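Chain naming follows the written order as A, B, C and D, and within any one chain the residues start at number 1.
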Amino acid sequence: MQTMHALETNTTIGKAHRGRIPIMIRTLGFGTFLLPLTVFMLLVFCVPLLGVARASFYTNGTWTLSAYREFVSGALFHRALINTLSIGFMTGLISVICGYFVAYHLSRMPQRKRRLYIILVMLPFWTSILVKSFAFTVLLGTNGIINQALQAISGTNVVVPMIFNRAGVIIGMAHWLIPFSVLPILSSLLSQDKALRDAAEVMGATGMQVFWKVTFPLSLPGVLASGLMASVIGMGSFVTPSLLGGRQDLMMANLVDFYVREALDWRMASAIAVVLILLALLILSTAAFVRTRLSR
Amino acid sequence: MTSKLTLHGVSKRYGPVTALHPTDLEVREGEFVTLLGPSGSGKSTLLKIIAGMELPTEGRIIINGRDATEMPVRERDLGMVFQNYALMPHLTVFDNVAFPLKIRKTATEEIRRKVHDALKTVQLEHLKDRKPQALSGGQQQRVSIARAIVYNPSLVLMDEPLGALDKKLREQLQFEIKELHDRLGITILYVTHDQQEAMSMSDRVALMNGGRIEQIGTPRQLYFTPETAFAADFLGSSNFIDATVTARTSERTVCRLSSGEEIAAPSREGFSEGQKVRLMVRPEHISLLGQAVSADRNVLKGVTTGTTFFGESAEIRARLAAGSEIAIRIPNDYSLPEAEPGAPLHLEWDVRQTHVFA
Amino acid sequence: MKKVDQSRFLTSTRRQVLSGMGAGLLAAPFVLSASKAGAADPVVMVTFGGSFADVVQKVIVDPFTKETGIAVTIANGPDLAKAKAQVQTGNLEWDVLDGSGGPLLNAAAEGLFEELDTKIIKTSDLVARATPHCMPFLIYAGGIAYDPKRTMSPAKTFADLWDDQKHPGKIGLRTRVSETLELALLADGVSPANLYPLDVDRAFAALDKVKPRVAKWIDQTPQTISLLTAGEIDYSYTYNGRVATAKKEGLSVDFSTDQALLLTQYYSVLKGSKRREQAMRYIEFACRPDIQANLAKAYASVPVRPGVLETLPDDVRAVLPSPTDPKMVLVKEEFWADKFLQLDRRFKEWLLT
Amino acid sequence: MNTLHQSAKATSRLGRPISASVLIAWLVYLFLIVPSLIVVPMSFGTSNELVFPPQQWGLDLYAKALDPAQGWLSAGGRSFVLGLIATGLALMMGVPAAYGLSRTNFFGQKALSFMLLSPIFAPTIVVALALYLYFATLHINGSMLGLVMGHAVIITPFLVVTTLSGLKHLDRNIENAAMVMGATQLQVFFRVVLPAIKGPVLSGSLFAFLLSFDEVIVSWFIARSDQPTLPVKMYSSIQWEVSPVLAAISTFLVFITVIVSLVSAFAQPENTDGF
């Protein structure tokens, strides 16, 4: 009875049937909606990426695994891989935490006010990272505003290193990625049924309990999505680490950039790119797996 | 009268799960037919198949004489009213009602006239420039009804249209829909889980259970001659008493209760002596104090266990000597004595109102 | 020498058909503005943007066009990857490329450039050496910059810089392996005359000593000045031209002329250029003594033709590092041509540990 | 009793845990805007080097930024046009695709939606390299066509995501109703779905436009070096020096955006179901 009911309410147009002409026509109907973008992505994204994959195996007229062999054996690549993963993870985490507070705050205000606040969130987009990196130096440097303030308050010569190290990279990246992470969380918060929170309150839950027992669990898909997005975008950036990072913050994208533009070794660049993409795929599919496990 | 909708052996399976067993159904022109059943009984599946949102696994659907089994939704010439109104939030009331006409490229002047008439029918002309969100639930559903009839479809499907409304509005709209149906002669296939709604509005009711039509007939037929215990139980209230068949004549089936008392029922095919059966009698058919006991009436002894006062009627619950609980619904009347718990009762009812189920 | 990788990006026939189809399909609504440039079109010279491009326009390009009638367009962003793709696909946007250091010679080894036409360009008689594909047209100095207001007794040589007892302070060095290894060896006491071939192990050992004091390994050139003026570092390895510009803007920066690396900037002609001859003439023009003298005046660069330096007024010469000064070291790009990639890898790994 | 209960709850809503979260939200806003705010005074300096705070004040940098000969205006115009065309293309492909994805459930649909969204997750430098090599074989590097397609690849998935979230909130029976009333699938899409998800589609387009306007890496590879987009011109200009003109341009953009967003925020009616 239960399952039947579920089926009855969940099934909709064009589900589950294959091999019957009208359904094919119907799917084709939706296919016309999907077709332009699918063709476009195949031609302008997939084929080029396959080209990159091919370039990583094919050089000077022969097929070779040399680039991958070099990757596996080179300490440089191992370090870059570890950096990429840990910076990507930290960036995703911090962006999501900061993004959550902002999204939560935004979700509790009237729509018009929210539009104004979203301008604040989007503002970083308009200031070039190149100028921003200077602004961060002014703000976070050893002689920067924050350190001077700290010294004035504490009366000591304490200097908190916040730039040209891992912290600098993560701060810079989070600054760029927080807007990305706010939007999915906000949309999942806004789509929540307010009645659920009210119900929890009626049942005697405090504000904190309502948040942790209702709001937060319901927003988890949005949190996961935005965290993944921020992490993976973070993993692919290279301008921020080169401007704000320290010597140990070389990432795989920096290597791609180097091998493409300076070394002109596109075989190696492509191989690193392929590893980077596979890494992203691995993370995404793990997350998808975990999510389906959790929802069961 | 011509048939507006005919189903021949329509069924639906999702892999191993059968949502709808092969089903036949006919809706004649101008008829008001209701699919009644609890959730999961297959009525929504059936409606979706008729509307074309699902394809049947087997069977054929004939709408207005044309085989519509594999016809796209839009060509089936149907009107539909949904539980959540399904009005387009970006269009005004007028434009919502005009939508199907515009789709049909009706002339502007004709659209204006038809929409005007339809809105007049549902008494909402004065709100034609509002957006649906600005209307109450009842008003929104009226707009939705106007939209479903404005283009004279062969058949109007109504999927629990009153489910989201409160009781009072529900009753009012029941009346309005019925009145609309009678006045305009439209053919309606209505889906609900509310038996009272089904009984009060329909020409015929198809009672669904477990993915099949359990019984189909006029509300009267379903009420007075339910063919299954489910039908008896779902429509109206009922008391069930376990018994064993002791004798069968051409006129009567006689059953014995565990207390030894005997109950007679009209004779029905398919029962043999010694068979365990369930007897059913509706609470409102039982009366308390005997007129002269005749052969046409069954009599049982019991003990009062409680009374509930309903205003126009009262319900007395009793424990039979045979052990089962039974409810008696009687019209209120000042002469009715207060039945104290524990007081002995004599129950009696007409033999013809006794139903026997396997 | 490696040959240009003639294997196009997508070679298999099916792919070509596919990509051809794709191009047709996708390009259909647009009008393709493919450059069908001929010999009569302007020579496109790609160089760095900003104030440097202004100088080149005024000092080299304008007089060249005036004299020869050959128009030259300046493009921004000399990117070797773009050059490589242009050469590989035969779809040239640029004719002359301005570049320097190991990556350029590495690109030359990949076969991206035309051989210099010695009938047009005089490749002998130069302060810095020409390679078969790269013609030096400008020499600039890389050395120590500091803020004279903050640092009273600054380190003026690389050896000084390494001495954190006498000259403490935070340092900014480049993420470039060339230049960095040279300055490390000089700091370690190798005499300029014996610098090449570089003793790589010794260079890394010397870098180990200074590693803790390097506050920022700078990837983007502008940070060599901005970090110094913001007080994030006390000494910056940067370039005389950059310091001169900053000083002109009133910033408190000084460049030590006591010791510096002399670095060469080259012009190369992209392989397959339809304006090869005009391009060669442009390069020769840029290296003409009078133009070199004007460049030196406008940009504080060292002329590449011998003898030009001596003709310059004293006030200009005063700020120029002299190639004849024994403390100056002319970076030998030939050393880097085949070792760049390998040493860069080692340097990157060293940075990471 | 009831009102008492409610008033007690109101104070608990304003109580400590919630206000701490608001405080943190404000700190994040501050973090997001402070770098832009630091850039503002730098843009009113007169020096050709980035200095904070400027030693002299003036509008020289703005004069320079707006001087047509400097090319900033034309680069800005190019970025604007590119952003519009790319966003338009993204709209034309992305919105129908999102609709198709949300209303079907066929074999391989998950894989298809992953494919359509994957540019979000592919490192930009990889996309840039791939497109650059690919476009080179198609001979469309350096053309507006190449730029538009490159940008469309990057921004369309974001538009698909926002559109999908809008579609999730759309009562599917509205579409069923339209179909029962005789609308074709195209009519349903254009006359029912599209108007109903206008809000999310608009905010998604704005986001997509921003991404395109800000995009530097792919454009750096694809744009003709004498016809740079604004971010590319900024990026190539720092190879030589960080011109404080960038500060003026950034400030100018921030100013324009704030004005435009303020106007649009007040012009738009409430409840269009967007953000």
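The working rule: a residue touches a chain if its C-beta (ideal position, glycine included) is under 8 Å from a C-beta of that chain, and two chains touch if they have at least 3 such contacts.
On a predicted model such as this, the values are computed, not experimentally measured, just so you know.
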- Measuring centre to centre, with centres taken as mean CA positions, what chain is farthest from chain A? B
- Message: Count the C-beta contact pairs for A-D and for B-D, then tell me which is higher.
- Response: A-D
- Item | Averaged-CA centre spacing for the pair chain D and chain A, given as whole angstrom | 15
- Query: In whole angstrom, how far does the Cα centroid of chain B sit from the Cα centroid of chain D?
  - Reply: 54
- Message: What's the distance between the Cα centroids of chain B and chain C, rounded to whole Å?
- Response: 88
- Between chain C and chain D, tell me the centre distance in angstrom, where each centre is the average of that chain's C-alpha atoms. 36
- Please list all residues of chain A that touch 2 or more other chains. 12-13, 16, 40, 44, 47, 51, 55, 130, 134, 138, 260, 266
- Query: Of all residues in chain C, which are in touch with two or more distinct other chains?
  - Reply: 9-10, 19, 22, 26, 79, 81, 220, 223, 226, 230
- If you look at chain D, which of its residues touch at least two other chains? 50, 52, 133-134, 149, 176, 238, 242, 271
- chain D contacts chain B in the complex at 171, 173-174, 176-184, 187, 191-192, 195-196, 198, 271
- Task: Would you pull the chain B residues touching chain D in the complex into a rising list?
- Result: 51-53, 72-80, 82-84, 86-91, 99-100, 103-104, 133, 144, 147-148, 151, 157
- Item | In the complex with chain D, residue positions of chain A that touch it | 12-16, 18, 27, 29-34, 36-38, 40-42, 44-49, 51-52, 55, 98-99, 101-102, 104-106, 110-112, 114-128, 130-132, 134-136, 138-139, 175, 178-179, 183-184, 186-187, 190-191, 201, 206-208, 211, 228-229, 232-233, 235-239, 252-253, 256-257, 260, 266, 269-270, 273, 276-277, 280-281, 284
- Query: Contact residues on chain C for chain D in the complex?
  - Reply: 8-10, 16, 19, 22-23, 26-27, 30, 32-35, 44, 46, 48-53, 73-77, 79, 81-82, 85-86, 88-89, 91, 93-94, 220-223, 225-226, 229-230, 242, 245-246, 248-251
- Provide the residue numbers of chain D that touch chain C in the complex, in ascending order. 47-52, 55, 132-134, 136-145, 149, 220-221, 224-226, 228, 232-233, 236-243
